[in-house]
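Next come two complexes built around subunit A: one with subunit B, the other with subunit C.
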Partner chain A sequence: MKKRQTLLYMAPAVVLIVAFFLFPLCYLIYLSFFEWNGLGEKIFIGIDNFKYIVSDPVFRTALKNTIIWLLAALFIHIPFGLLLALILNRKPKGWKFMRVMYFIPNVISTTAVAFLWYFIYHVDVGLLNNMLKAVGLGRLTHAWLNDPGTALVCNIVPFVLYAGLTMIIFLTQLSTIPKELYEAAVVDGATSIQVDLKVYLPLVKPAIITNIMLNLAFCLRTFEYPFLMTGGGPANSTMNLSLYIYKEMVGANRYGISMAAGLVTVLLGMVIMVFVNILQKERKSHYEK
Partner chain B sequence: MKKRVLSILMTAAMVISLTAGCGQKADKKGTQKSDSGAIVLDMYHSWSTDSERGAALNALIEQFNKDNEGEIEVKVTVNPDFPAYQEKVKTMISTDTTPDIFHYNFNPNDLSRQESGKLMDFSDYMDDEWKARFGEGDLETLTVNEEITSIPFEKAGAVMYYNKDLFSKAGISEFPATWDEMTEDCKKLEKAGITPFSLYTADDAWYTCNLFTYLAASYAGVDKLNEGGDIDTDEMKDAAAKLAELTKYTTSDAIGANYSVAMNNFVSEKTAMVIDGPWLIGSLEPIKDKVGIAQMPSFQDGKVAENYVVTDAQTPWAAAKTDDKEKEKAIVKFMKFITSEDSVKQLTLEGAVFLSPKLDMEDSDVKATTGLLGEYLQLNSKVEQSTVNIQRNLTTAANSKLPSLLESLMLGNVTPDEFVDQLAAENK
Partner chain C sequence: MKNRKTTPARVMLYVFMFLVLILMLVPFLWLVLSSFRPNADLFNAPFEAPKHLSFDNYIAVMKSHPMVLYFLNSVVIAALATVLSICAATLASYAMMHKFRTKKALTVLLFMCLFIPTNAFMVPYYVMINKIGLYDSVLGIALVYAGVNLPMSFMVIKGYMDTIPLELLESAKIDGADSGQAFRKIVLPISKPGIVTACVFLVINSWNELLFANLLNQSDSSRTIQVAIRSFLTTFEANYAYAFAAMVISILPTIVIYALLTDKIIGGMTAGAVKG
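And now, the complex of A and B:
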């Protein structure tokens, strides 16, 4: 009886997953073995689409850039969010205002944020170049989005800076830590940095793992920043996997190649999630010991 | 028990609401009629009514609806984002929701629309009188598998607009006649603090492709370019090398900029030259007295005629296939109207559109046209040779790679030879 009821309650979720994830995934795998331009006949070509993307320098750039996004999330964005949370957790003057200010960019559409930053970086009318000129650093002005050397970094900067959601997740975890632990550490003579490193950091590990999962998922599917700020250019220097999939499908009408790249993205995502799960299990077993 | 029944009902309702429409097959388009019994034709195009050409087309559609009140009513949906519009049309064809009437960018290397079997064949309605309305060879170009699924319409020459004031400031009295003179004049302009060219590489990189096509025609000759075939030739490599040289004389935002940015650079007098179609004329109002239209340079080696022009794509009309003969006739009636002499005159003079259906150059109104449009019409009437923008003959895949390849060429990441080799490889 209880089992039947459980199955019944699970049914909507199962239907959703089958209809909107498993079925499209199967269709994606199926199409990745065909040559198809979106109209007309599909031609079975085996693994040729995969051979193509492996040999395509643009795909390799997209993969490399996606990994750079992931690394930026892991080593800059998440630590930055943690740093903000640790600062605000001490409740300095105006901390509530700062918390709201940091979070606001997360409720604005990424499209609007990408356009905003496009105009910050713009070579002629951009805020950045004009500010540099205003403070006498005109020699440092640069065509930020038009130079392959700076375009990718410019794409990633807004994501790295807007760590509001990451910060909130850390703050929530920090609020669950008993105050007595902090007080005991202070009584024992611990400095602020020692309290952060020895008391808080080990106890916010669940939030770190949650943030890793959320941010890596965001980086794998991020599209708006490279699409709106640079269109994947100049010379494909800001291309990532999401944009590659889009361009192959919508621009080149090569649905098979697009699906093959999509499958690689799904597999990359699965590998990352498995890795994060292993991390989580190791953490649990460590605490159980 | 009640709870169990309720939970079953709620679950069922949720599943049904989520899957509603999933299995519904799109019906083949039937004939829609208005309250007055008129046949309704859904028309989908990209000419915004904010533009001169969009307003002129809209006026013609209103006139057609008025003339055919109670019989035919054309209802218009506009999507001014042309690349997005193209994709939407393809999706609509593939999902059996093809608009009754629409235009599209003709590409001989992408006949997926024509070969979809979902477009109306105009062959039975193409009498000699109607056939005579179109430019030489245009109808033949659009005939695929012996079916006329497209009606020639827009086919404009992309010409060189230049700012005479800025040229004077740089001490240049005449527009350069050769590409070598062009390079020298670019240097003079730059020395005077004026950026010579408006170019861009985002979206379809059309301005840059116009320049590339003019250079390719100059090196290879229009006839050779029109023959088509492999693009991996020495002439194309020479054209790419010259393009790399000339693109040094453009704005710092050209890489990554789109059409509106590059066009505004010319309109705001940041640049001295731009290669664009007649639709630009409407945007040139603030500087119209300073702008002239010039004959494009050549190498003066006889490979191209003195008056040669690169035209933009053929943008023909097409219609959804229908079993209803009444509807078919209504579509043909509209097509004949829109390609008639009066409509073409109105679209050219009021909308600054240059079309494949013939314009009577002896018409008094046409003869009396002055200003930039007058210059444009005169230049077009003298054209001895024409070729289509190179990107219109590339495969869709090659076209999608072209902007990034152009960026690589401009940045010096690839040599002109590598640029052509990679483009040719994508074009296979």
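And now, the complex of A and C:
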């Protein structure tokens, strides 16, 4: 194929990448040094936007909560998905059915899921409080989303629970592991749990890396849960970076501050990506030994 | 696994599997059931066997809001975004089968874009779409979706094309096929499963997106179903049963797509994920 033709084939993708990634990134960096309400004149103010967000307690909460989301993904969501995958990997009766069922929540919009859970936590009509009452635990009923102590956890629960996609990625990797390894281990007298821990776990590392990247990217982008369930409240206890960017832009018309927070979010994403890539490289060199 | 004895451990395994299933899906069943019940029952008798099941909530929602229009907007946006993004990704993946100078750099760039939190680009997208006069139009929203989802489409489709042996292209060249013919006759048919999977992901993603659809919308003419149900949260504050019906309407298409294409979706994950 001639050079010119190759470039022609690349052109549409390059145009989209420039228009929706590279240009916005430059524009975002540019705007973060200006004071702008979206309509009037842009005023250059140096790093004042960054100074402001660093001292803004709401931004700090947003950053802290985003990190809590990331930690929940790493230490609860991904291990839960792995557990489900290891269970289905033993091919119990009906495992294919379970695999299909566990994935259903992942094709439903986060909007609907967040909205649904808003009603589950609802004080009067909510499934949770009514269930508690039905089993005689009425004293535990709670205004789940109105209490700063429980609101953030309530925001994260649906994400942690719906581990279908994470599970599928693990299952796919598990299905590539040759059966002989399992049989050899059983012949050597290993129990099922030992096989899971000593044979399968080390071999699904690539899927762990994939899942870490996908889930961390999801957590940085998560917007619907706090936006629809709590609006960032009560007392900003569920605020995260995406919602902070949104509120500074749409609510407060402070585009410069919004973009300074946006830049922090992008940088956080890049730091994570570089870090995970280093992990991946180590894995590769480990294999080559 | 030859000896399938019913050991306590095995029973525990099944109990756990079913518990997870119940935890995951009962909320959705509750939602569907509630959408057929009158609002008063939801408050007064949440756990009684539902007596008054009817389509009243659905009829009321359809009458009070232009649901068909919102639905069509979502369909048009999902279709436009998918066609644009998949075409660009397929052509680029094909180009990547050949050698050229910036290939490595472009691949790395596309891979990095996969992990850029695009939510940070709210202001740039808003300003850009306004500047080209596409604010409050389905085309504007579709363009953003096509761009945002391009890295994902590219990774899925390229994952498939990577499995095509380059000798196939060589032999086609020897037989006198030009690059366009090789693309249409050889590469496209082989990578069809990957393209279909990417399409399904894109349609589902576009159907489900809320943030940009909300940000770039003002009037009914470009309002998607997700933005519509979001506004129900405020306008239907007192009548939850209506809101439930609206939610079921918004969920239905993706569930139907999933039911019809389960193998494509779950099988398609395989191609991308294995490479890690």
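The rule is short, and it goes like this: the second predicted complex is superposed on the first by the 276 of 289 C-alpha atoms of A that agree within 3 Å, B and C clash if a C-alpha of one lies under 4 Å from a C-alpha of the other, contacts with A are read in each partner's own complex, and residues count from 1 in each chain.
Here is the rule we go by: a contact is a pair of C-beta atoms (placed from the backbone, for glycine too) under 8 Å apart; a residue touches a chain by one contact, two chains touch by 3 or more.
Predicted, not measured: the structure shown is a model, and the values here were computed from it.
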A:5 in the overlay: touching subunit B, subunit C, both, or neither? Say first, second, both or neither. both
Touch check for A:124: first (subunit B), second (subunit C), both, or neither? both
Who does A:250 touch here: subunit B (first), subunit C (second), both, or neither? both
Would you sort A:146 into first (subunit B), second (subunit C), both or neither based on which partner it touches? first
With both complexes superposed on chain A, which partner does A:19 reach: first (subunit B), second (subunit C), both or neither? both
Given the touch rule stated above, what does A:215 touch, subunit B (first), subunit C (second), both, or neither? neither
Please work out whether A:65 is in contact with subunit B alone, subunit C alone, both, or neither, and reply first, second, both or neither. neither
Identify the partner contact of A:155: answer first if only subunit B is touched, second if only subunit C is, both if each is, neither if none is. neither
Touched subunit A residues, subunit B compared with subunit C: C
Just checking: does A:40 make contact with subunit B only, subunit C only, both, or neither of them? Give me first, second, both or neither. first
Need the overlap of the two footprints on subunit A, from subunit B and from subunit C, as residue ranges. 5, 9, 11-12, 15-16, 19, 124, 250
Subunit B contacts subunit A in the complex at 4, 7-8, 11, 14-15, 18-19, 22, 87, 90-91, 93-94, 110, 112-113, 115-116, 201-203, 252-256, 396-397, 399-401, 403-404, 407-408, 411, 413
Given the complex, residues on subunit A that touch subunit C span 1-3, 5-7, 9-17, 19-21, 23-25, 27-28, 31, 84, 87, 90-92, 94, 98-105, 107-112, 115-120, 124-125, 127, 130, 134, 161-162, 164-165, 168-169, 172-173, 175-176, 192, 205-207, 209-210, 213, 217, 220-221, 223-224, 227-228, 241-242, 245-246, 249-250, 255, 258-259, 261-263, 265-266, 268-270, 272-273, 280
Residue set of subunit C touching subunit A in the complex reads 1, 9-10, 13-14, 16-17, 20-21, 23-28, 30-31, 42-43, 46-47, 84-85, 87-89, 91-92, 94-95, 98, 100, 106, 109-110, 112-128, 144, 146-148, 150-151, 154, 179, 204, 207-211, 215, 226, 229-230, 233, 240, 243-244, 247, 250-251, 254-255, 257-258, 262, 265-266, 269-270, 273-276
Which bits of subunit A are touching subunit B when the two form their complex? 5, 8-9, 11-12, 15-16, 19, 37-40, 58, 122-124, 143, 145-146, 148, 230-236, 247-248, 250-254
